[in-house]
Every structure is written in C-alpha cells, then in structure tokens.
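Two complexes, one shared chain (chain A), two partners (chain B, chain C).
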Partner chain A sequence: MSVPRHWRESKRRYRLLGTKCKSCKKLHYPPRTVCSSCKSRDLEEYQFKGKGNIYSYTIIRNPPEGYTFCRPYAAALVELEEGEIVTAQITDCDLDHLEIGMPVEVVIRKLFAYGESGIIVYGYKFRPILPRK
Partner chain B sequence: MKTIKDIGIYGYGAYVPMYRIKNSDIARVWGNDPERVPVKEKSVPGPDEDACTIACEASKNALLRADISPQKLGTVWVGTESKPYAVKPTATIVAEYLGATPSINAADWEFACKAGTEALQGAIAYVGSGMAEYALAVGVDTAQGQPSDALEYTAAAGGAAFIMGPSEGSLAEYEGSYSFVTDTPDFWRRQHEHYPKHASRFTGVPAYFSHITNATKTLCNELQREPNDYDYVIFHQPNAKFPMAAAKMLGVDKEKVIPGLISPYIGNTYAGSAMLGLSAVLDVAKPDDLVLCVSYGSGAGSDAFSFKITDKIIEARERAPNVKSYIARRVGIDYAMYARYREKIRM
Partner chain C sequence: MPCMPGIGKKSGCDEMNDVAIVGIGCTPVGEPWNKSLREIAVESTWAAMNDAGVNEVDGLVVGNMSSGNFVDQESLGSLIADYAGLGNITAFKVEGACGSGGVAFRTGVMAVASGMHDVVCVTGVEKMTDVVGDSATKILANASDREYEAVHGVTFVGLNAMVMRRYMHDYNARREDICSIPVNSHKNAVHNKNAMFRREISLDSVINSPMVADPLSLMECAPICDGAASIILTTRERAKEFTDTPIIVKGSAVKVDTIGVHDRKNVTSMTATVEAAKEAYNMAKLTPKDMDTAELHDAFSIMGVIGLEDLGFVRHGKGAHFAAEGQIGIGGKLPCCTYGGLKARGHPVGATGVYQILELTKNLRGEGVVDAQNGIAQNIGGTGSTVSVTILGRDI
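Presenting the complex of A and B:
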C-alpha cells in the first residue's frame, strides 16, 4: 500500500468511520460514495459504535508477508451492533477459546509496518470485551 | 505554581497491556536469585501494541469520562520515551484516532519517566491561561531493559491520559503544582541504541529521592500543608520499594501510598507510572479527598501536583474501565514469548 493511500484511508481505519445513506438509512463500512441499497449519492459520515459479535472466524497460521509478527492470529467477520459485517483481526484473545457469537469491541492496533524504516500502519482490530472489575 | 483560571481534571483514562512475565522467570534465565527481585511481575505489550496504541486507548477512556467532544480539545500531548517513530509525532496519530484534528496543538514530549507529567504541567498552563477550554496530556511507555540488566525486571508497558478543563464540572480541582529539575545523569539512552544505560546506585539518593522529596516539600510549603495531610499520595514507581521509602522520608503513612502503588503487579511503566498510580487513586477516592501526585524522570526532575476530589468523580469513573480491570486482565508468558514480543531476538 502506498503512503498516499494509507493516508487517504487512515481516518476510516483508525476510527471505524463509515457512511450512512440519508435517504434509506443504510449503513456502510468501508464508506461509500453511492448507497449500495438505493443508489443515492446523499451520504453522511457515520461513526460505528465499535461493539459486535464474531459472525465467523478462521485462524491464520501462514500469514502474508508483513503480518508474521502476530502469527498465529484470528481473522473474523464481526457483526456490528448496527448490523453491518466487517472483516478484522481478533487480538488479545485465546485462539483456542474463540467462539461464534462471542461479544467483541474495537481497538486500534498495529496492522503492519513497512520493514524497519517504512511507515507503520495502524487500524482497527477487535478483542473480547474487557471484563470490568 | 497556580493558574490564572480555576481548573481541574475533567477526565482520566488508563491502559495496561494484558501480557505479564514473572520476575522469577527473568531471574531464572539469567541465573539470579528468583526470591530477590524488585517486583512480582511486569506488563508486556502484545506484538501489535506500542506507545501509540496504548496512548490511543488511555485517551479514549479519558474522553469517555470527560464526556466532551474531541473537537473541544486544545492539545493532544503525548509524553513518552518509546516513540514508534524517531521522527514523526505519535500525538498526530492519537489526535486523528480521537477525532480531535485539525484545530489542535499536537506534540510528543520527552523527559524520561516524567514526560507525561511534563505534558500535564503544559496542559494545566494551557487551560489555566485560557488558551484552550480542554487539554489532553498522556504519559505512556513500552519501556525496554537490556537483557540481564537490573532494569529488565521492571521495564514495563502502560499509560494514562488526563484531560484538564474548567474547575466547574471537574472530577478533581487543581490546587497547585511544582517542578524541580537539575542536570543529574542517572539514566540515559544515546541515539541508535536499543537499550538505556544507568548509573546503578546513583539512581537512588541523588536522583529519585532528592528530586521527589524536594518537589513534594516545596509544593506542600506553597500550599501550607504537610505531605501527610493528604488522603492519597502517589510517587513515581520504578520498583515496589522506592515509593514506600520516599513516603517514610516525608512522613507519609504507607496506607496512603498503597492504593496508588501498582508497580508490584505491572512493573515500571516509565512515563505512565505516576499517572497510572493517580488513575488508580481516582478510581477509589471519595469527594473532598486530597491527592498528591509526584513524578520522577531521570536526567532529572520531579513534577508535583495537588488535587481535591469533587462529587463528579462518582459518576464519571464508571464511564470507562478502571486500572484494576486492566491489571486483572492477565495472561502469563514465559521468557521466550517475552523475547519475541519485545523484539529481543534480532535476525
């Protein structure tokens, strides 16, 4: 990914910032310029709350280059409270005890880095909900 | 020192990574006595965590407690000696993450373990002079200790964030602060070095104890108080022993230090240390309690702060996870996994 592309997408990746269609109320992540439901171009920014459940997941044991520092890790489809489904890594978890339906919350983490001298790409991941004491 | 306007802590937030390595395991690897270690265990950042991600979560928690729009922040100041980039501010990433850009003053501050409280002094001045309504200051580190060095037992990861704002509506009123600084080379890291060096026993009396006690006494004199007049006292926590020894020197009852003493469980989080201790105290303090927080940063200096808790604390503290929750979220790892996570294995 080029530096300008990272810069263009960083806000949405840091904050899970999507879009909401003003005419049919459909939510989108990633953000869109045309509504996938009613084709309206009248969209506004929508800040997802960042809570959801694991819809499905898999364990990545042979990650692509740049992601090996987290090996092995879980890649999941997370169904957000708002109903949208996003793809994300699950972090801070016991891979043997992940379950479909497990409640998760969004956090910001390092996604990858371009070697020792390139930029560090941060973005959203999900983790099991932090138990409160 | 006092501000022109009446101000206070409007929000605070903490973060501690979940991985822990026992000091006895570090001692075992290097052939030292596992019974004679400075803390029980220390926190270790996960492979996808760094000072920036820790600052983000602590700041988000502070914002939740402050219950204000991020656009109202006048500063995002991050105090750390573990910047992910040597050149490029951590604070711009934190500000973007929070949604506080672009009308914001964002910068990284450095003063070893007191970088965070240095930023807090700045935030106090910024709000206290009327330059901004709210200012965010963060203290965070993912400290590195050279393998087998004495510091490896305590160099830990964590951070805390504070939002200063108007006194009215604050969780704790600001009463005054003071900074005490001398040129004392007790600990340093040169450019391009992975690990810091230190002057062993020299880090004690002329460094930590001299600066902590001088800062505490001067602030107390300015406020016409004795250190033991406070209900809670937090000192920088390089280990479990130093803060208790400082309390004894200053005549502070140890029961007043224990609620904010977290180093026995997570180690020394450097720029996060005193600020995490202050967060732990804010998690339990009652309205009208008096709180004294004194940091220490090598090089060297101490910042001392005096706060009076308000009744707003009761509701606000529930809006984000407390320090106890992060300490309780604990996954033990062995030295091999620690070496991998901390990138001690160079290939």
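Presenting the complex of A and C:
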C-alpha cells in the first residue's frame, strides 16, 4: 500500500481533470504530457464538465481483489459531452435497466480499500441523470 | 526475407536471413500442481530441442506475462537457461501481457533474421494456478491501464464484455452467433492430447452458462491454467541440417495500440491487429485468401469474431455470422483454432502465442489436422494493446 501513489492522482481522480492540447485543441482524459493527436508537448489542464452518455457497459460479477464489497456492479465506457470516453463504474442505478446512450453525470465515491484498516481510495463514478419530476 | 519495413530499411540494410522453424515442443495445458514454472519451462524447451535434434542453442527468448505476480519470480532468462543446462548463453524475458508469447517469437525471429544468432529457442511459459482466490483476476487486469481502467474495478473480462456489447449494438450481431466461437474451439480440442478441455460443448450450454461480465458468460472465456511451449528457430539455409520439414516464417509483425480501450477511435476493431496483419501479409507477399488455416486469439468469444474481421477474412460486422455458418470448422472454408484455441486448449497467458505457432507448424508439416500450405496466427495482449501476427508457410 502506497499513499503517494494515490495522493498524486487525487486531483485528476476527484475532479475529472484532463488536459487540452494548446496547438491542436485535442482534449485528453486521462491527462497526458504529449498530445495523442499532434505530439505537441504544450498542454494545459482542462476541466471536464462531467456529463455524458453510456457508450457501452457491463455488469462485473467476479470482481478482483479489493472490489468485492459492492458486487455485482456496473462498469461503463462513458462518452463525455466533450467527446472523450472514460472508463468508470455506474453507481446508484438499477443494473437491469442500463442501456447504451443513457445520460449520466459524475459523482465521487469509494473505489476500493486496502483491507479493513488500510487507506480508502476515492474517485469518480457516474450515475444516471434522472428526468426531473 | 526482405528488410522489415520501417527501421530496417532506414538503417540501410538490404537483406536479412529467412527464418525457419525446426523444432517444437510443449507441455500439456492444465493445472499441474506437482510442477513448478521452471519445470514446465525446461520440459518444453527440451522437447523442442529434441524435436530439432540439438543439444545447445545460442539464444533463449522467454515469453511470459507476469511471473513476478503469479509465482514471485523474475529473471526468467537466467532461471530457465540455468535449469535447462544451456550455459552462459544470451537469454531474457520479453513481455506483452497475454501477447507475450507472440512478442517473444517475434524477438527470436529478429535475432535470427539479423544474423546476430544462429539457433534460438523461444519458450512461452505461464504458471497461473499457484495464486488463489481473486488474485488471478487482479493480476490479469494489469494488462489494462491500472490507473484509469483497473482502478475502477473493471476486470479484463469486463473490458472485453464492453467491446462485445458495443459490437452487438453497432452490428446488430446475435449473441448465439458469437457463441459459436467457443463451440468450435471445444470441438477441435477433442483430438489434442495437450488441450485442457478435451470435450465438446453445445451452443445452448454456452448461451446458458452464468454471466461473468455481461454479456460475456463463463463458457465464452478462456480458463486460468499453466503451460509452456517452445520453438527452435534458425536460418532457412541451415534448416535442413535439423529437419526434413522446416516451416518458413513468411511474415512477422507486432503492433501496439492505446493502452486504454477508452482511447480507441473504434472499440469494435483492433487497429493493432489490422496494422500487424497488413505488415505481415506484405512481408509474406500473401493475402488473406492464401491462408489455409488461422489460429485466432479467442480468449473471449468476441475476440475470435473481431479477429476474423481484422485479419481480413470477412468484412466488419460479418465475423459472427461467418463463424456460426460453420466456416471456421475443420473442413470449413477457414479452419480456425484447430487444436482448441485459447478457450479449450487453454490460455496460459504468456505461453499462448507460442502454442499457436506450434499448432500452426504441425498443420503445415502435414502432421496436423488440416492440410495447409500457409497459415496465420494472431496473439493479443491486453484488449488489443499489443498484437502480433505471424504467417508461416511450407518451404517450397
């Protein structure tokens, strides 16, 4: 268990903070130091809005070590409004009623814990945006 | 062999050695609780050396994904050379997740083609069953992006499941068609004494097996197991010293793609396969039509389907139908996974790519289950992040 390993990711993981290429305007999430489109190394931070749609999804029934506390859970490729796709869990949802195209928004949740007395790692998940009543 | 495209040409080389396979050997795939990693690796290395009739090699390339995690052991080049009694030779491990075997083979081919080595052994090995519980699932997820995929609890099966769901959505593909991939692999494993599951399974049993990561069910996923496979390579010129039936490496390519599936332009096709296949076909001066058999990386049913498409055998979206029609069976238009594939022969991850080449070699030597002049093997690391494509042919 290493605290710095998770601490250094916290801004990106709590805030969905990515990068934007100053030269070709390409957005990246996860953040990069070299633009995946034009190889420019002149990038700036970019705050994603945190809304998008489910591009594809699955229900994880056999979780890896450390993730069994919330089994089964949904995971998805979420296509953000800005066009980038991120991998995350879908939370606060009915596992039987997920579908491709469903609108979702970002929230912060517990991702996993290192045992009972270890550190708890938090990060983004997405939840369905419910229609307003 | 013409110069490899790219770097080779730029450095001004004109001609490289043609490379031939002169020996093959492997252990049965399964759960050999009485044997360690080094024992199975040494067993397959010597089986291949005996097949080639040699008692020394001047290079050993080990393909292995994760011995450090599975058995707390690295330095496999030294370990296996040492315990195989190979002396102070050149030996090291190369890694490309579940594609490590194919990457090791390619490294061996480069060593012989360049003239830096004469006789090279490529040994793929994985000992996965010494870990218990959910550990193997965690270790396999190391093939993906730990910080941005695996950290979210997305398993390796989960990533492939998301590819499958999107594929079914985009192409209106039927799950029962996709499920014909494992049915074919199991059928072909029956005759393979080295296969883990030597029994047929019905389409219904696949469709109705429990979900692991929807829409992927248990019977669509390759098993966790142990195994080692080895190949002896030398130059085409020297090959006849060792065997009457050398098999020629006509094309060999390894390409990478983004580590994260979320960064792909298209998740239902693997650009790394498409690019590696393009390069391998060009090197071989052959086309998909010339292939008599194919070893697909059917770790998950959908990977077999997408492999058929990315290797150029059918158009995108048509792979599942092609498989369901029985075209991939022995006697079909393109026999695939002829020794059981990853699903039924088994998928000891870092060894798999070498098993595929061994099986292709048997078919080309005329001692296999299909009569083939040329064949192709595709080995995938991660969910398409590292792909090797190898084209082999008879020496004519």
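In this section, the second predicted complex is superposed on the first by the 128 of 133 C-alpha atoms of A that agree within 3 Å, B and C clash if a C-alpha of one lies under 4 Å from a C-alpha of the other, contacts with A are read in each partner's own complex, and residues count from 1 in each chain.
Methods note: contacts are C-beta pairs under 8 Å (C-beta built on N, C-alpha and C of every residue); 3 or more make two chains touch, one makes a residue touch a chain.
Treat the numbers as computed from the prediction; the structure is a model and nothing was measured.
By the touch criterion defined above, A:Y14 lies against chain B but remains apart from chain C after alignment on the C-alpha atoms of chain A.
Legend: residue contacts after superposition of the two complexes on their common chain; A:R61 is shown touching chain C, with no touch to chain B.
With both complexes superposed, C is the one of chain B and chain C in contact with more chain A residues. When the two complexes are laid over each other on chain A, chain A has residues 70, 89, 111, 125 in contact with both chain B and chain C. Of all residues in chain C, those touching chain A in their complex are 133-135, 137-138, 141, 145, 147-155, 157-159, 161-163, 165-166, 169, 210-216, 258, 260-263, 267. Taken in their complex, chain A has these residues touching chain C: 9, 13, 30, 36, 55-68, 70, 73, 75-77, 84-89, 100, 111-112, 121, 123, 125.
If you check the complex, the residues on chain B that touch chain A are 18, 46-50, 52-53, 56-57, 84-85, 93, 96-97, 99, 321-322, 324-326, 328-329, 331.
Contact residues on chain A toward chain B in their complex (touch as defined above): 10-11, 14-15, 47, 69-70, 89, 91-92, 94, 107-111, 120, 122, 125, 130-133.
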